[in-house]
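Structures follow.
In what follows, chain A forms one complex with chain B and a second complex with chain C.
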Partner chain A sequence: MSDTTTPYRSGLPNGRAGFAQTLRAEGTKLRTVRGWVIALVVAGLLIVVMAAVATFHRQNTFQASPGSPVVVAHPFVPQGPGGEAVTDTFSFVHRPLAGDGSITVRVGSLTGLLAQSSTSHSTSADAQQATRPGLVPWAKAGLIVKEGTKQGSPYAAIMVTGSHGVRLQYDYTHDVAGSPGTIAAAAPRWLRLSRSGDLLTGYESADGAQWTRVGSARLAGLSETVQAGLFVTSPETRPSAQAFSSPSGSSASAVFDHVDLRGQWPEQSWSGGVVGAGTMTPTLTSGGYHQSDGTFTVSGSGDIAPAVDVGSTPADTLAGMFVGLIVVIVVGALFMTAEYRRGLIRTTLAATPRRGRVLAAKALVLGAATFAVGLVATAIAVPLGEHLLRVNGNYLYPVSVFSSVRVVAGTAGLLALAAIIALAVGTLLRRSAVAIVAVIAAIVLPNVLVITAALPLTASQWLLRLTPAAGLAIQQTLRAYPQVDYVYSPATGYFPLAPWAGFAVLCAYAALALGLAALALRRRDA
Partner chain B sequence: MSGEATIEVTNLHKRFGQTVALDGLSFTVRPGQVTGFVGPNGAGKSTTMRVILGLGSIEQGSALVGGRPYRSLRRPLSHVGSLLDAGALHPSRSGRNHLLWLAHSQGLSARRVDEVVEQAGLQGIARRKAGGYSLGMRQRLGLAAAMLGDPPILLLDEPFNGLDPEGIVWMRDFLRELAGQGRAVFVSSHLMGELQDMADHLVVIGRGRLVTDTSLAELLAAASRGLVRLRTTEPGRATTVLREAGATVAATGPDALTVSGLASQRVVELLGRRGVAFSEVSEQRATLEEAYMELTSAAVEFRAAPAGEAPR
Partner chain C sequence: MRPAVRAEWTKLRTVVGTSWLVLGTIVVTVTLSAFVVTAESSANTGAGVDLTKLSLTGIYLGQAVVAVLGVVAIGSEYGFGVMRSTLAAMPRRSTVLAAKAVVVGGLVLATGTFAVGACLLAGRLILPRHGFTAAHGYALLSFASGPTLRAAAGSVLYLALVALLSLGVAASVRSSAAGIGIVLGLLYLFPIVAAVIPGAHWQRHLQQIGPMTAGLAIQATTNLRSLPIGPWAGLGVLAAWAAGALIVGGLLLWLRDA
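Now for the complex of A and B:
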């Protein structure tokens, strides 16, 4: 043994081995297994292809009136002042109001009829249908000041309702509650709507003497001359809390008297009519009014509210996401479990002893790759699917640019997070098959159950609050409105959590899984 | 001593559940030598190597490379090159890409990858999928990976497994050359014969304990027990002369004697002075394998001994 040996000194230049190098190493690992690269590209292609497949045959036909040709189109859907899709169909007995003024009325009764069988989405002007008495909860009768009789124009209205008491509503999406109670001959309700510039204020009274202010609405840019008067409408109902069930029509009839006009009402007689006749909103009766001795009997059907169940959303083009999710989950799990299977993990950890750094680099590389693939795929799939839907006569809900970007990028984010969760679970379980099955069961299965409406509504909603499937909310572009009775189910595009809240739940799962994986990786022998 | 190119293992204790894997193991691997790490299967060789590389935890003791725990090294592959399992490859990644990700993890360039590919003689197959490599090719690839950071310490677990005779010669020469450059080369094997003509030093373990930590020369000398073989036409006189000098002499044939207790030079000197004719004096050399067998039979503990205290 010679202790005089000169220990070896390398001639290689000093390099750095920080997080950037670990990232680069993991990037090289991901791109040098051809199967993984192909799988990710295929996942992207599937998302695009499925967008085309899912929308290509979804044809919407529509007949403007009996006898007219059936066309590939959808009935007109008005847009409210905020750009949202609205329903704007009601019986309107009105006069012009050229400036400030008020109108007061007593509503003596509000009764209704319900269709016995469901109506179709046809607008056959007066379908003779069997009816029975009955008033829907959101039947509305009262006073309205509206920019004009054009559908979707700004308005403010004070009204009595079937079972939601007095409300002040304006510009379709706003709803202010007044006092509760129903209308009966023994318990009439007095309403007043006053206009001052663009400010409209609603009042209610039980006796015409003691008045209570319900609320006010500022309708910016309201014209000097507006249409004001009495209105009645009654929305369709759904027989059960079942998504996809056909709605049935209803109508309401109200008796108004003690009409009192103050302010700048030009000398002109009342004119009556139906706003929005011949549009998509199903109506039970054509509506009408009768006036005698200062008593108006007005009946109507329809609604003045945000539109539901009339069109498609960007999420409808993303049916391929589920297949994409499964593929990225497989790749994500294998990115780690393949190393355990061959003992390669020891080489990795010998090269980078800081184990948390290895996991972080893997997660970042995998997340970036799946996000990029997902982004390209959804950025093609959504516009392509929307184009095909439009060509096929479907109505697309108006969606802001921000929301569209959120759906496109958020879906890519869903894919990235699913892959990262699979990576983390793969680290914990170290076995490919078990990890893949577990993650698919946790992420994809609830999504599929929810979207196909295979579960009762409340079960679906809890799944979308508590499981990683909550992240699906990022695709939500519709808003649920309490003033519209509808089955707001995930299957129809309504989620129990707001988009970013749902996404945050998924992020929390990913963070939890990564944290546990880091802990296990650090504590275990490799 | 805690040089740049030294592995120091001190009092390692580790158990897997109830089974004691390492039981107070200590040894040092020095630069400029090939140190063989020998013991039967299950003696704890791989466990020790993983502990040195920071892959396995220990309950007690320390394992330092270049005076530092492996896990504190910022750029470990430039300190220690290791080959634990030649099969630790993704089958659909090419050998070159395997080296490339490792190089990237250390901030090394693709040029360095090409250098080690050439050094390991992998030029022809480096761009093929590693799944198709023979075990010998995998060992070469593993060695190339260990050489990436041009480290002063190399730690190789059973690198001869699966090599053909030509490959064994190549590997031996390669490791000897690395040691000659002043690197510490630590090579485990369960077959002592593989280390003959290559190892300078031996660390022999059994059941997680050190059996011996010695130079190859000392081990062989001890195993030979100083036997000298003598060929003479006067066995009677020779026996008398040598016994007078204090040796033990045994006849092993009509003109052959085996002498113990005297070095061969002393035997020649004594016989020459007394005028005893002899035709041959040779030291009887034990093979490394024999030396090992002797050691392991002495330390029967790792043959059939029951668990618990075993003689040292």
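Now for the complex of A and C:
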């Protein structure tokens, strides 16, 4: 009998409930919490400010040897054929070689001197430096064919070393191992280096009759006339396991005889000299040679190898990233835990019942926002920091455009992934404080342990392989070379994983955390 | 004061999270220490490693969990609105904060003693197997050595002071999330900034005033000369940070509405 009243229906068409709407909803949530927006902007500013603080008035100092004055200047660092920073200092007894030919020699002995680890009270630069006998592992003596005597020019060399056996090395970064063993009067070593066009081949022999090919090198664009002859050099040494100890010099001395030249050697006498004399790499003696009766005694100090520990990298300008990390982790965790704290999560899930979609939208919005803030900040911070470093007379390692972009964008990606991991962990734990601590401990703490050198090297390297902090490798622009003895520690800019491998570890952690979070969100009541 | 302490102890004891955090502190501290002493061998390091300090590396991680304990002791009360009931029951706000400090500090002292003892035990058991033996010039870790005892006791105090610092910071910002971010920033960012700031002079100064860099000087047993600050003076710096945070937190608690 009674009239049934039709319930009220809005005349407006139904709203769409796609992923775009969820994204928009989450974007609105992020951008309308004033504290979060301020925190993200401040984090970006701090990254830029820290770049200026870390580089303003920074001057790398150099000490040629213990006892000599500390020099504050832009060091001259030669560049090798591949554009990399190199050390190129050695004693060179040479003659021009105009075309194809070969040189054979017997190395009768290789001995060395080490600088005594002097106490700091010796201030006189002219004081005769105390030495003791000793040969460093990478002391080198042998034959070299080099474009010219200019530092950084292409070369190929066959050599005996302190304790790494016979080696064929070329163009600074390449190293081919020959037979092992050390040189003694009873066990001399014969070496031969032959040139044919731009192909150089090294041979070794124990007796001068039976020859073994060690390897060959193609030096593209080698001039017709090159300088070839005998060389000796001996690199600086560092007390092991101490990243920041200052290096001390060493020298080596070798006796060559049975020098045999074949091919197109113009009639000219041997001339001796030091390539790269007066550079700032720690050297012991100025080097020299002595010739009598076909026996050459050559001594030298320095190295022919990639340069280490001479300059700054883009990562040196990005210390502010750690401030940024802490901020984005707090915001990332709160982006989810605040919903639980205030009960908003129930409204959110009522509006978007597909819970995985909510998490995906949150991760996307948060990742995009932190990546954008990070990218703007690092894109300003890195060039600014590099400019200030250069103005202050520091050397910057040559870095390709691709690597620079990788450092800048990778750091922004690091911030985004850290925020997403915090979001996922916040979803899992639903407690902001615990989630924030867990993520900061996983990403920031390993670096604190590494930087403060609280950890020994092996432990540092394992931490930077296994924890999400491995992602920091994306900032690495230096390459470790086994033929240069150096403390290749994360604290000096060498990570145990390659840049993208380290970043992949971080990505894997983010994927794992998001997966677990999606599972938990779907299974649990809100 | 006594009823206040009892009330706070009841709250802390009956919250589910507390026992997990206490357990977590011990587990993560000992795990990191055990990892570090296992990863190291004397063949790589040679002589001169500070074994006590190495064995106590876990404190770097354990302090983060302790900081949570300090932060949530007051932060969660603000989060859930319990703070209003607490202050209605105990109108003397300074007493509330003092009672919380006593309870949290006491709990962390007990937890820390356990964690530090386990770390040193792990070092004592594991290190000799990795070549840190008398033959290489290393003595077995033992409380009989004065510096080791000082490092151990100091590390326990260090954890308690970090908890008090966290409590003070959380009372100031009234939020667990912001509080924990600020505390971990204070602890971890000083050494990072000190590492990049130009000039050895400034680096040393930053290490002297940083709550973690100064406070953890208490762990060193060898090469004390090279420390930026003396062991007890360093712990004093952290104590000053904690006291400062508690005073600021107490003042704000007194001045503001809950």
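Going forward, the second predicted complex is superposed on the first by the 491 of 526 C-alpha atoms of A that agree within 3 Å, B and C clash if a C-alpha of one lies under 4 Å from a C-alpha of the other, contacts with A are read in each partner's own complex, and residues count from 1 in each chain.
One rule holds in what follows: a residue touches a chain if its C-beta (ideal position, glycine included) is under 8 Å from a C-beta of that chain, and two chains touch if they have at least 3 such contacts.
This is a predicted model, so every value here is computed, not measured.
**Student:** What is the contact status of A:V444 with respect to chain B (first) and chain C (second): first, second, both, or neither?
**Tutor:** A:V444 sits against chain C, while chain B stays out of touch.
**Student:** Which partner does A:R24 reach: the first (chain B), the second (chain C), both, or neither?
**Tutor:** first
**Student:** With both complexes overlaid on chain A, does A:G343 touch chain B (first), chain C (second), both or neither?
**Tutor:** After superposing on A, A:G343 lies in contact with chain B but is clear of chain C.
**Student:** For A:L384 in the superposed arrangement: first (chain B), second (chain C), both or neither?
**Tutor:** A:L384 sits against neither chain B nor chain C.
**Student:** After the superposition on A, what does A:V33 contact: first (chain B), second (chain C), both or neither?
**Tutor:** Only chain B is touched by A:V33; chain C is not.
**Student:** Once the structures are superposed on A, label A:G15 by its partner contacts, choosing first (chain B), second (chain C), both or neither.
**Tutor:** first
**Student:** Would you check which partner chain A:T352 touches, where first means chain B only, second means chain C only, and both and neither mean what they say?
**Tutor:** first
**Student:** Quick check on the superposed pair: does A:V42 touch chain B, chain C, both, or neither? Answer first, second, both or neither.
**Tutor:** After superposing on A, A:V42 lies clear of both chain B and chain C.
**Student:** Would you mind listing the overlap between the chain B footprint and the chain C footprint on chain A?
**Tutor:** none
**Student:** If you look only at chain A, which of its residues touch chain B in the complex?
**Tutor:** 1-3, 5-12, 15-18, 21-22, 24-29, 32-35, 338-339, 342-344, 346-354, 525-526
**Student:** Which residues of chain A touch chain C in the complex?
**Tutor:** 50, 53-59, 240-241, 316, 319, 322-323, 326-327, 329-330, 333-334, 337, 341, 431-434, 436-437, 440-441, 444-445, 447-449, 451-452, 454-459, 462
**Student:** Which part of chain B faces chain A closely enough to touch in the complex?
**Tutor:** 3-6, 30-33, 50, 53-57, 70-78, 80, 82, 84-85, 87-94, 97-98, 100-102, 104-108, 112, 145, 149-152, 181-184, 200-201, 215
**Student:** Flag every residue of chain C that touches chain A in the complex, lowest number first.
**Tutor:** Within the complex, chain C contacts chain A at residues 17, 28, 35-36, 39-41, 44-46, 49, 53-54, 57, 60-61, 64-65, 67-68, 71-72, 75-76, 79, 176-181, 184-185, 188-189, 191-193, 195-199, 213, 216.
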